[in-house]
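Take a look at the structure set out below.
The chains carry the letters A, B and C, assigned in the order they are written, with residues numbered from 1 in each.
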């Protein structure tokens, strides 16, 4: 047995700049849960990875839900009585209530007001609002501009369409040595918003490209899907396949300057939970772990009781805990290459740990083997401690991660010790059934 | 499935005054573990609830114990050499050592002294003392009066009887939908002492009356018994019935101004323990929980290893932690209607939670159901969070209480969410066997 | 059933002086993992206990190891060019690298230096160094003397032999009522070092003598073995016997003034771990408990995964946490009779608890028995609390130690209560199988 063929060397600064460039390219597109914005987005990702684009027809029943009609928009504005555009979709696609039905009317301010959305607390930011499942139209605007609106007539124009069509999502599958899969899921339904969720989309894309260049133990499935309805559609179309998901992560909000945050899976102590906890604990950087709750992103669907998949969520500052969330301030200034690079490094650490984590058995379990005669022992340092820990706990009942956690040593040291011991025929992979961590 | 027929609306202030009034009426009676005082007490309770009075003959063997002879007392005093009554049973029934045998003698102070009990630390209080199983006579008095005793002859007179008779206890049974019982036990053996335990007796009585006015899921058994020997006698006569006790509480010391206190059952994690912990945690008031120990009140018997019933104890300040305990200062000034009202509210909360706690199953376990199309979803507030928690954890393995505890939401919110979901056919009762909380 | 015949009364001060005297007698001998120094040491111990000396031939394979050739040394020195002995084995046997091969050469300082070992941080102390499995020769010296070495020629002389012979260890077995054994293991391979490990050797010897004077429930096996290779050799020759070890302790470093320290067995919650924790917690003295790790002394071998014996390690200041460790400063001034006496007391407490710890069953499990009629009950004090705890938890599922731990009372009180209850036929030994603590 030789060292694993799987390996990734990461330059976080360079990788951060690369991810940022992809976010910048994706930023102007007006996305929604359906429509051409999603297709354009996925096409842009196809320049990086050969992902497959899936189209699910409107009206398709997916569990308790129905795929909605497809929404597309070309233009939208509000003009005042002097004919001046006081709201212009072309300046920011956040200005339009996402999924607005077409409208072209002239109406007095009083009738317009119920269709205007602002953020009084952040008067210079445009809020991001949607109305997917209740037909409506509306505009989002700066509260400062709203306060300056004069009485009078306004022309509202939304050149959108809401028609039978498709829900579009991207899927990229990498076959590994094992059938078991690692799922990486990010949502593609937000228009010009950077942290939520171009950061997740771009990170997943570059991670997929990197993993695609190596041979892996696990198979990998990257999903680029509209939030909620996309995850539900995928699960409905892939019920059997979902059972092969052994570990999973939802990626979102990974570009802001806050500390790394992990939300546990519903199970709470799944391997992915243990792995991310280990990685963050040994990252040398502040982090926060919190327990599963049934709100948030698509982990809601993956962790619904009928699936209960071991899927956690990796973020930096949690959604709702930064004021820029779902506003025009979640822009290219808010996400930072440094943060994206660090997030990428942690993701690679997680993948590396998942790939390398196995249980072994000590081939010489009665007393210690004589390490000295094999040149494996000098004075006690971290290397020797790692060797002794792996020998002592490799009884089939402990995987390398649990040995790392019990010893307090980083996984990489424990794994290196395992390789050294295997090369010396003192360790072999555990093939038994009943692994108890 | 509709909302539960079981419901109680409580006005704590009013209820506190009602309980206090019953305590006041019971206060003058001289009770003991047997005798007419107990019968008078139970007769007074029969004005509230149709409890059944049981008589167990003296000499009956109950496990390791024997029901003692019946004690009754008519009068008692000590007169000094001038013929002045310096101790008078008619002024306070605490003056007589409970279970004193009859005596009528004239004797010098030196011979009297071994029969006098006082509290040097609280010179104005009369202690409460008993001698049930060792024949003796004695008087309890204020230490201040004791210090003023002059040398000379004293006439002691106790007009009591200790003869074959009965041990009397009260039992009130309410049949519910299920055979499983909730036991509420209070002791009736203390003479003019309010907190210990007229508070428990009165609270149990008014709770029984209130529960008797509704239809309940569980059957209820209220016991009004002399401490220790009464619980042992009941258990000895009802060994089989005791097996149907699913949850139980000993009530005592519920009228003082201290914070609510709960003593866990021997099992430590029985449903009653989880339920009371939840209720106190969400009461918005300070409280204290402590682990089972084999001292205290009748939980000692219910939690003996041959029964090991899931019975905890609800009190306010624990016995022994307030100086008024077992003295004349545990009087009508010490217990307060406000405290009694709050204790009653907590009891009702506990009953409500026990009645309502069940496990359900999500009928749409794969991904979330679309709450919006059912009008169940607007923006995320406590109501929506409760809906999502119930859906996510209703897999048969979690009862509503465990969902409430995991979510941090109050049980009532979780239960309300369950009703809403049932009304929308998204939830149904769990009928499986192996519930694991 | 009467009180246990097993009992030890200890006068710690006197015992400390006795142990110290044995250390003083053993101190001058030059020990190693083989050789006559070990034999002399064991002969000296035979004056206290009839231990058996075992000889394992060089070349014997013991698991992954081979018993090395036997090392003996008669003299050694380094002379400067003026013929002055600047290092003299006769002044301290630490001066010679343990297991040095014979040498007699004249060589310049530059060639000598690689064979000299010093402690720059403690310039007045001689380090203790070994080279058991790599042929080498060398001298250990004070760094202050090393700095004064002049250029020039030096005569080095080591009159040692490294030849086929034996590994010698001592074993003392005491048959008890049960086959199950308590193992007490100490290492005998260190030359003139007191805390590590003459303290362990001397304590084990006097404990063995004391236990030998009583009748015990358990059988006891005391091992006096060279570190690592000795434990491995014993385990290899006694694989079956090792399965009867029910509890075990490695003793070392028990004479320094630091607080008592216990290192848990690999299992972490073995009886020995619970017992030592209870003893230290109730000792009234500071202590420290730490988790198993696979470094340290012979617990490494006993706790290797193929054996996984319930063996912990009792020490005072852990090795490596005191600068005198493995230097000439670990001498007769460093170990103190007071510390040795306290260590002995704790050991006796541990043995007493192991001997006395059993599970019982309450013969009257339904409700409390009437203690008063048996004269066992007055007012509630520690004695009554202990009686009630033993009655309440003696259901076969709790041994006395777990009752002591749950109640917070010292084991001795709980055990005394058990005896009282047995004498009153209220308790009997548990003979069932499936004890769950």
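Convention: contacts are C-beta pairs under 8 Å (C-beta built on N, C-alpha and C of every residue); 3 or more make two chains touch, one makes a residue touch a chain.
Keep in mind that what you see is a predicted model, and the values were worked out from it rather than measured.
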Type of subunit A:subunit B copy interface by residue overlap (half), same or different: different
Rigid-body rotation angle, subunit C and subunit A, from Cα fit (steps of 5°): 120
Inter-chain centre distance, subunit A versus subunit B - centres from mean C-alpha coordinates, in Å: 55
Multi-partner residues of subunit C (at least 2 other chains): none
Subunit A residues within the subunit B interface of the complex: 62-65, 133-134, 228, 231-232, 235-236, 239, 266, 293-295, 300-301, 303-308
Subunit A partner contacts - residues on subunit B that touch it in the complex: 362, 364-370, 372-373, 380, 385, 388-389, 391-395, 407
